[in-house]
Amino acid sequence: MTETLEAREPVRVLGGPPPGAATLEARGVHAWFGDRLVLEDVTLAMPANEVTALIGPSGCGKSTFLRILNRMHELVAAASLAGEVLLDGDDIYAEGTRAQHARLRIGMVFQKPNPFPAMSIRDNVLAGLKLAGVKCADKDGLVEQSLERAGLWREVRDRLNSPGGALSGGQQQRLCIARSLAVQPNVLLMDEPCSALDPTSTRRIEQTIVEISDEVTVVIVTHNMQQAQRVSHHCAFFLAGENEPGRVVEHGSTEQIFENPEDSRTHDYVHGRFG
Amino acid sequence: AEAFSQVNGSGSTYVGLAMSDWQNGANSRGIPVNYSALGSPAGVNQYGDHTVDFAGTEAEVSSLEAAGGGGATAKQRGYQYVPDVAGAVAVMYNVTDAGGRRVDTLHLTRDVVARIFARQITRWSDPAISATNGGFALPDQPITLVGRSGQSGTTALFYDFVAHVAPGPYGAFIARNVDKGIGPLPSGVRPIQLPTRGPDADFYRLFADSDQIAQTLANGSVPFSIGYDEFGYAKKYNAPTAWVENQAGKYTLPYAANIAAALTKANLRPDLSQELSGVYANPDPSAYPISAYSYLMTPCGAGRDTCKGGYPDGAKADTMTAFIEHVACDGQINMARIGYSPLPPNLSQEMMNANARLTGRPAKQLNAGNCANPTFRGSLGAGATAPQDPFAAMGGVDALTHPGNGGGPKAGAKEGPKSSAGAQASNGPGASSSNGPDASEANGGSRDWRNAEPAAYQGSGLGGFGAWAALVLFAAICVPLVVRGIVRRFRRTE
Amino acid sequence: MTVSSSASVPAPPDRLVLADLPSRADRLFRRVTSGAGLSVLALLIVIGFFLVYRSVPAFEASGFGFFTTIQFDPASGHFGVLGLLYGTVVVALIAVAVAVPFSVLAALFISDYASPRVRGFLTGLVDLLAAIPSLLYGLWGFSFLRPYITPLSQWLTGNLGWFPLFETKPGAVLFNSMFVAGLVVSLMVIPITTSVIREVFTQTPPGEKEAALALGSTRWGMVRTVVLPFGRGGIVGGSMLGLGRALGETIAVSLLLPQVPELTTHLLEFGGATISGFVANNAGQSGPALSGLMAAGLVLFAFTLATNFTASVIISRSRSGAGVDA
Amino acid sequence: MTATEIRVEQARPAPVRRRTSATTPQDRLVALGCAVSATLLTWFVMHQLLVSPGWLADLVVAYLLYLGMLYLVTRDRLGRLAAFDKLVSAVVVSGAVGLLIPLLFLLGYIVVKGVPSLRLAFFGHDMSAVAPTDPATATGGLHAIVGTLEQTALALVFVVPLGVLTAVFLNETRSRFRRPVRIFVDAMSGLPSVVAGLFVYAALILPPAQLGFSGFMATLALTMIMLPTVTRTVDVVLRLVPDGLREASLALGASRARTVWSVVLPTARTGVSTAIILGIARVVGETAPLLFTSFGTLSMNYNPFSEPQESLPRFVYRYIKEPLASAQERGYIGALVLILLIFALFALTRLIGRTRWSARRTKPRSAR
Amino acid sequence: MTETLEAREPVRVLGGPPPGAATLEARGVHAWFGDRLVLEDVTLAMPANEVTALIGPSGCGKSTFLRILNRMHELVAAASLAGEVLLDGDDIYAEGTRAQHARLRIGMVFQKPNPFPAMSIRDNVLAGLKLAGVKCADKDGLVEQSLERAGLWREVRDRLNSPGGALSGGQQQRLCIARSLAVQPNVLLMDEPCSALDPTSTRRIEQTIVEISDEVTVVIVTHNMQQAQRVSHHCAFFLAGENEPGRVVEHGSTEQIFENPEDSRTHDYVHGRFG
């Protein structure tokens, strides 16, 4: 599948993020919705070129944390936060930084596939260019490359001009991954990208994650322990008590979290005792 | 030749139809005129507001002022009245005789018409009404008057007639109603709206426009009513229209010939407004007394000789004068066909005089050679002739009223065009009690009128189906069903 | 913030003040859209202000009597809106009283009884009917329907005349009454209320409907326990919206009613006036009468506003409008 | 499905789909029986025993009888709950039918009255050369159609940018004025059309402004009526655009403006056009404000900015009040054309809606 | 917890289903949405008084099958089906059988808790009586008994008149279970009853399922393998290929399915290889 890609010179975009994966580091992140503290003092490093999985039961603040990582959190009215998020050492929340810029470098894939329904597949892939003002000389090459890396090229190359909404759920999700990859971000955040998908599509996307992790840093939220085990190098376990904010209970290499967790709650969780 | 620019007018609905005809004629000769029939008061007001260039009205500014409907601005702008077409107010009615049949050849004297509308005569059985209708007493029902709600030029015209013919009752009527919606009226000023409260108001049914009045009176939905309206609407809906007696003692309907005959006696006041006492008392046997004409209102300075410059825009003045000339001559050709009467020659000439004042040039003198107005040739145009009075064929109203002529009117009335007047005796089971000399004398015309149900309550729809009947019916049908159900259940459980 | 996440609960740090640098396009965007929004605001303020300004002479002439005088009587210089307002409200209430039961039935039919194909068709048809100009309703009501309503009025007064609202004077004329006008207006209101109520009914959480059915309920049971309680706000709101529309209804009423203001309980009898109809029939007034009309228009506006607001408050308070799935 | 089906058929007898209809044949038989017996009973009682006062009474009695019988019989068969359910179903169905019949009558009436005199020439000339006494078939409505189109088109020029921008303002910004603006838009939608006309008349046509009657004045009044309608509907449509799309766009590094322009509006395009067309349909038949503003005329006036202009509702209103039978017919022709115009607008929304919107629009719903 | 219940005479309803659990048996069930076959030839017996779990990846037709079991499937427009569903030997789709009747005997609990929000807790429990025309002499007793069996009595006995919508998600779900139990059905179907709930509520409901299974037959759909293992006696594994209808791949005792499945796909699935 990747032969074509390697045989060719990779297509690069202009005006986008600097090339290559970047390290993301959260320091003392707190998050509030209104006056409710939902995330407390999360400090976590997500090393470049590796896949970090965030696991934990529902409502413990995984999505909130993920959205803080690329400044999507502030889109929610009455949401606020504290702490620092360092992208290759620079705080994306530093004064004078544009949210747009941070988001361009840190892409995101959502739980529900959301291709732009008014655009064709090709336009969907190129949407980031248009939307963020990134240039590219070889658009067709970029489309092919992005779809290839998202593992969708074979399936759609004959119908690049049909609308994005006409694909199946799994294909739509891969299209969204391709769309995010097209602007060549340094980090890719994924919030339960497979939860709405069938097994085949899930497997396909897990494959994709593994493949792209040599180009971007991936942070993925998942409910599926097996998935976390399969794709991630690092794991962070979030937990929120009743009426308490979410915290990172434990983090470390995936192997350690699953085989030999320090905390008994982690052990219970990864072995399906609850959640 | 001249440069025209569009003139707009608004006002009287009474001339609306004539205006359509004139616009159509004027436009086809390149005179751009536009008219919108919003009602006389609206016309005068908009004229005063300078939003239109001319108005069409029957109501005089003084009436309007008295009614609080504006007029002050029109005075400020200055105006002259220009006669444009002759017409008449028809008296329509919806009465059934004791037998429940529609009366359709009612004959009324001017005096009676005026007293009815001044609410001195208030019941259909009034001897004054029987007197001109073969002596037959109509049912003793209160007279419901049908008129226009709000301000209306037609109302003003009609009540001018009432005021002239029956000054006493009119005066009393006005005095009674002066603050009941008709406003304080200086003497000589006619009301342009009818009372909306007070004792008289209960007997009025006021409608928003002429169309509804005619439609209502034609379809008989207001029992025992009489109203005034433009004759055109009466013809449209075939509403029964009263024959009105003139000075010569003849009874006429407002056909063009009768209107034209009457209007030969119209006098003009210095401001060209009409003084119609001569018309109401025109001795011509074919005159229809409630005739009048409608005005155009065009700008003019304070004195009548200085109308020049009324339109600052010369092209507008040209258009207006061209239009007035069109109306005065060619515009009159079709009038009889659509329910009006062409202006008599003297009034056509007055229009040209008005034009002369507007332009400052000498007036064009009209004659049969240069004016197509049919009255210059002694004709009135198509559709002018009036039908025969059905009573005349029977020897006239007087002869019919004579008591000795018992069976005559009955037979005679049947010969009328669509007559059921001269009410036949209804020999129904209840028709035994005699109600006074009038009734018995009139061949039993209204024997059981006291018990007669108003026409509206008979016949149609759910009229005779009472709620109690529904209940009884429903019970009668459902009880067996319920019983059957109970019996079956009983059996099953056994 | 320096305290590591250990046993002791640290005081949460200060929240970040997020200062995003908006791009030039964004600033322009914000300015243009705000401009549009505020111009709508300004437009309404101008309208309201102007109406008030032009109504002042009438209010000055009549004082508070403007609201307590029945007759609108330019002849005496006394303007009163009470009779007009009464007629307006009565006609609108009749219209809504007739329209709402039918609308609820029709909306129920569309949302819960009809097959999907019929549902799609009816939804479109109702929307289409809602767009038919009121002039045509008025025309039809006046020339076609009126004769058929008169017998109904007769029956009502003949059999239910003991009820004050159906009472008529002997020999009264039974057409061109507020009742007839109310019925004709109700025909215009029905499509609007139906479409609002249907919208709300179709938003009933399917989970609750299925819960009811899964308990062995009949369709009616489901409707009664789930759809109607859920749609209550929608019914009230839809009725209020219909009321607002009925209050402003002009042409049909101006064709039907004699426009003589009065306070009467004899709704089946000839007579009645509404503000909008009266204004339409007196188009072209000037001077004090015009300012009287403006004042009446202002009152109508205020009234419609009040109903619309109540409607939107009720709709948004109710579960149905908020779209909250409990 | 075909492939599977064939395979299944080979394996074992093809599965027979089962009827799962809520009504059994017995139910239908019962309904029919009740209807027949109610009719017969009504006939017997109303016409043989009593004197029926009219068909309306027959209808009411028969209907009530039918309901009663249906209830009793079903109760007998299936019990109280089922019987009441049947009763309510019958009432609901007849309520809906009873509501639609008069409304369809309305359409039919105008068509029947208008069609006989409608000629193609109606679309070809104005009324300036048509005498009042000419037959109704000579009617020309071109001037009215042109007026309607021009006035509405001009209103669109104001309404579309202002309405869409305001809706965007309400949906896509976080200004603190959003609440007041939304309230005011709601308030404005309560502005009675006659008051809008009165406002334009008093503010612009009368002195001191003295702009005179013209189609443009009508446009202004129509704008006031149309603006809140369009704004509110577009607002709703924009709200239907899934938030996920906005977030996706922002997450790609787009600015707000860009997101609205490139993602939100294109996604909502069909909805927005539907909203606009419905707004047009709403004002195209407005009559009351025209009484005050456009004045009306018999002849063609292409210029909406000066001199009176006719429009279709004005045309209808003018002729239904004139005292000639032919004029009345002219009115009905105008009414018919007006209805046709509105039909056409609706067909247009359907056409637009069918392309892609309908499929997408159901998405948020099925997701819930 | 069950002492109170056993100490007392159980409250019985009149006009409801015959008492006791019933055997449910599906024979050759097919299901279509429009022309799309989504479920093919499912034959499965769900023995009385036992818990049967339906497992399988998303979209394989578990919910559809469950809804066929109590005639909810036909509520979806354009849905149709073939086959038989025998409740204690009687086909619930037989001509002349009313759907209401089948649904009364076969209760259902949905994925999303759906109490009637406008009704009080007590009325919610009694809703079935009113809706299905079932009578009960001792309503208060019935409320207590049903809530007790759903494990909610302790928590809500002091606020029976507060609205049902005011409870937490897990409590709402147990309220829905109590509501279904109140009409004393023979079978209770549950479609992922815990998927929207937190761990504590989940454990509570699992307990409830175990407790009620001696009175009704329970059929439960779940995505959580551990849950299936914990609560069920029998298991059926559904699977649908791409563009193919769902089928039962394997069914049998829970132990067998989890420890020693015959089919390799079952093995993969229950060990989290996909889905």
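The chains carry the letters A, B, C, D and E, assigned in the order they are written, with residues numbered from 1 in each.
As a convention for this text, a residue touches a chain if its C-beta (ideal position, glycine included) is under 8 Å from a C-beta of that chain, and two chains touch if they have at least 3 such contacts.
Each chain and its UniProt protein: A, E = Phosphate ABC transporter ATP-binding protein; C = Phosphate transport system permease protein; D = Phosphate transport system permease protein PstA.
On a predicted model such as this, the values are computed, not experimentally measured, just so you know.
K.L.:
So if I look at the partners of chain A and the partners of chain B, which chains show up in both lists?
P.N.:
Intersection of chain A and chain B contact lists gives C, D.
K.L.:
Taking contact as defined at the start, I'd like the list of chains shared as neighbours by chain B and chain C.
P.N.:
Correct list: D.
K.L.:
Taking each chain's centre as the mean of its Cα atoms, which chain lies farthest from chain B?
P.N.:
The most remote chain is A.
K.L.:
If I count C-beta pairs in contact for every pair of chains, which pair wins?
P.N.:
C-D
K.L.:
Distance-wise, how many Å sit between the C-alpha centres of chain A and chain D, to the nearest whole number?
P.N.:
Centre-to-centre distance between chain A and chain D: 46 Å.
K.L.:
At what distance in angstrom does the C-alpha mean of chain D lie from that of chain B?
P.N.:
Centres of chain B and chain D (C-alpha means) sit 41 Å apart.
K.L.:
What is the distance, in whole Å, between the centres of chain C and chain D, each centre taken as the mean of its C-alpha atoms?
P.N.:
16
K.L.:
From the mean C-alpha coordinate of chain C to that of chain E, what's the distance rounded to whole Å?
P.N.:
It comes to 45 Å between the two C-alpha centres.
K.L.:
Considering chain E alone, which of its residues make contact with at least two other chains?
P.N.:
100, 132 - these are the residues of chain E that touch more than one other chain.
K.L.:
At least two partner chains per residue is the criterion; list those residues in chain D.
P.N.:
Residues 22, 54, 56, 81-82, 206, 255, 258, 291, 320 of chain D each touch two or more of the other chains.
K.L.:
Of all the residues in chain B, which ones touch at least 2 other chains?
P.N.:
In chain B, 10, 38, 49, 460-463, 465 touch at least two other chains.
K.L.:
Which residues, counting only chain C, touch chain D once they are in their complex?
P.N.:
For chain C paired with chain D, touching residues are 22-23, 25-26, 28-30, 32-41, 43-45, 47, 50-51, 54, 101-103, 105-106, 108-110, 113-114, 122, 124-125, 127-129, 131-137, 139-140, 144-145, 151, 187, 190-191, 194, 205-206, 218-221, 223, 244, 247-248, 250-251, 254, 276, 279-280, 283, 286, 290, 293-294, 297-298, 300-301, 304-305, 307-309, 312, 325.
K.L.:
Given the complex with chain E, which residues does chain C contribute to the contact?
P.N.:
That would be residues 115-116, 205, 207-208, 210-218, 221-222, 225-226, 229-230, 319, 325-326 of chain C.
K.L.:
So in the complex, which bits of chain A are touching chain C?
P.N.:
These residues of chain A touch chain C: 27-28, 30, 32, 37, 40-43, 71, 74, 80-83, 93, 95-100, 247-248.
K.L.:
Touching residues of chain C toward chain B in the complex: what are they?
P.N.:
Residues of chain C touching chain B: 70-71, 73-77, 147-148, 150-152, 154-155, 158-160, 171, 173-176, 254-255, 257-262, 270, 281-290.
K.L.:
Report the residues of chain A in contact with chain D in the complex, numbered from low to high.
P.N.:
Interface residues on the chain A side: 70, 72, 75, 77, 100-101, 103-105, 107-108, 110, 112, 114, 116-119, 127-128, 130-132, 134, 163, 165, 176, 179-180, 183.
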